[in-house]
């Protein structure tokens, strides 16, 4: 899915659109891992965020995560949506457990 | 259903009236898709909105979505209403997951 | 039921008394519709309203609907009450989904 | 039960003591209605009220109903109490659905 | 149980210690009532009260009932405690339904 | 367990660490009471307290109980923790029912 | 797992990342304890903390625990996450029962 396509999804309030990282289908040495043995990963990339929830003065509270962040996802929750036959998840910003940085 | 007819439905507070987009009944090449194989779509168009929920000073907080917006709907929730034998859904503004823009 | 009788019911706080519109018993051409085929209507008329819920300063917040309004009712909820062997429903003002205007 | 006896019950906070109106045991023409056919009435008389719930400054918010009011009761809820082997109900003031006036 | 003993129980916050009034074990004429026929009474005496719940400024809100008050108890709730093999009940002040005065 | 050891447990916020008083294993005259006949006691001693919950300005609200207090425990709730193979209970300060004073 | 690796996990808001202390696998004298007899420990080390929950002015409230703290964990709750095939737990700061200090 091209990044340009996802620009068209604008999550509302404090929602963030996340794409789950797919489990590895091959071992490091290239051997295919049968689907049942693939570990369900709880990591994903933020592909779009809302402007944030409203505070009592009607202003948006910025989200804790930004587009491009690698994040830890909670084991349950989130609304599954299908965009161009790819699966995405919408979470509340406050449901995202942690950011994962690579350096 | 003519647009003029729907002008007569005035959602209250932060409710928005949505018409779900119907699943495609034919493939791109014109072959009919049997009903069971049609994918349930979670997209719809906003056809009417309320003035918004009341804040603690009794003023209406404007809704996040407007008439004509294409939106992503949550997988459950919403009150189903029938107007002129067509099915519509009433959601709280804050339940709408995201806007979908086409450019 | 005469309107004068219903003047005697004074809903408290933000409650509104609604009379559900009965399903059509005949088709446009006058043929009787068997009871099972009659569609349960989710529309009603507001016959009485309370002064509104209390805000934190003890003042009544006016209801969103008024006596005479045609309204869309939620699919569940409301307290059923019988007045002179006619069925009425008491809803919270905020539970009423939408107003229906006829022009 | 004499009114003087009930003066001794002082509901606390926003509670109101209600005596349910008994269902008619005879038809207008004097024929006894068997107990099963007697309609359960959701009307009662307020026999005592508390001083009202406390607001955030510690002052009592007056109840919406007064002693002597004929009221519509919700279909469930309320604490049943027995005073001198007569049955009474204690409701929160805000649970009372409506007042019924007779003129 | 001597009153002096109960002085040693100091309920915390808005809790009140209540001793349920025992059901009559004899009729007015002195005949013993079998235990099963004894009516469970929902009345009791307040034997100790806390200083009250804390308001947002950290001050105690005085309880609605005082030591010595005869009160109506809710049909459920309360924590049962045993002091010197006698049964007592701890309720939140706001759970007590009503005071019963004897004059 | 030496008191010095328990100094090392620092409950967080409004939590209090309590050691339940063991049921008597002998009668006053020294006869052993079989374990099943021993009454489960709902009394304990506070062995450590947190600094208190945070108010809206971020300050700690002092707990109602202090180290050394003899207290009445609720019949359920509390987190059981094992320290040096002895059983302790962590309660929220507001869950403690009452203090028990001995004079 | 090297400490440097865990620097990459940044819990959001008031979440804290904890590694549970493993149960002893040998007795003091070196005899292996069979897995079933190993006691499940409710202690852990804080390996990362978020900046804290947001107060109503949008500022972070500092967490009660810090990286390196030895803590008592609640018997249930927490989200289990796997980082480099090691098990970690994410808790809300306010769910951590107590700190354990060793001096």
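Every chain is named by a letter (A, B, C, D, E, F and G) in the order it is written, and numbering of its residues begins at 1.
We adopt the following convention: a contact is a pair of C-beta atoms (placed from the backbone, for glycine too) under 8 Å apart; a residue touches a chain by one contact, two chains touch by 3 or more.
Computed from a predicted model, the values in this text were never measured in an experiment.
*Asks:* Any idea if subunit A and subunit B meet via the same residues, over half in common, or different ones?
*Replies:* The interface of subunit A with subunit B is built from mostly unshared positions.
*Asks:* Could you put a whole-Å number on the gap between the CA centroids of subunit C and subunit E?
*Replies:* 44
*Asks:* On a C-alpha centroid basis, what's the spacing between subunit C and subunit F, in Å?
*Replies:* Centre separation, subunit C to subunit F: 55 Å.
*Asks:* Taking each chain's centre as the mean position of its Cα atoms, how many Å separate subunit B from subunit C?
*Replies:* Here the centre of subunit C sits 24 Å away from the centre of subunit B.
*Asks:* Two-or-more-chain contact residues of subunit C, please, as numbers and ranges.
*Replies:* 56, in rising order.
*Asks:* Once you've mapped the touching chain pairs, tell me: line, ring, star, complete or other?
*Replies:* ring
*Asks:* Start at subunit E, step over to subunit F, and keep going round the ring; give me the chains in the order you meet them.
*Replies:* Read cyclically, starting with subunit E and passing subunit F second, the order is E, F, G, A, B, C, D.
*Asks:* Okay, in this complex, where on subunit D does subunit E touch?
*Replies:* Within the complex, subunit D contacts subunit E at residues 8-13, 15, 17, 48, 50, 54, 56, 58, 79-82, 90.
*Asks:* Touching subunit F in the complex: which residues of subunit G?
*Replies:* 39, 42, 55-56, 61, 64-65, 72, 74-75, 94, 96-103
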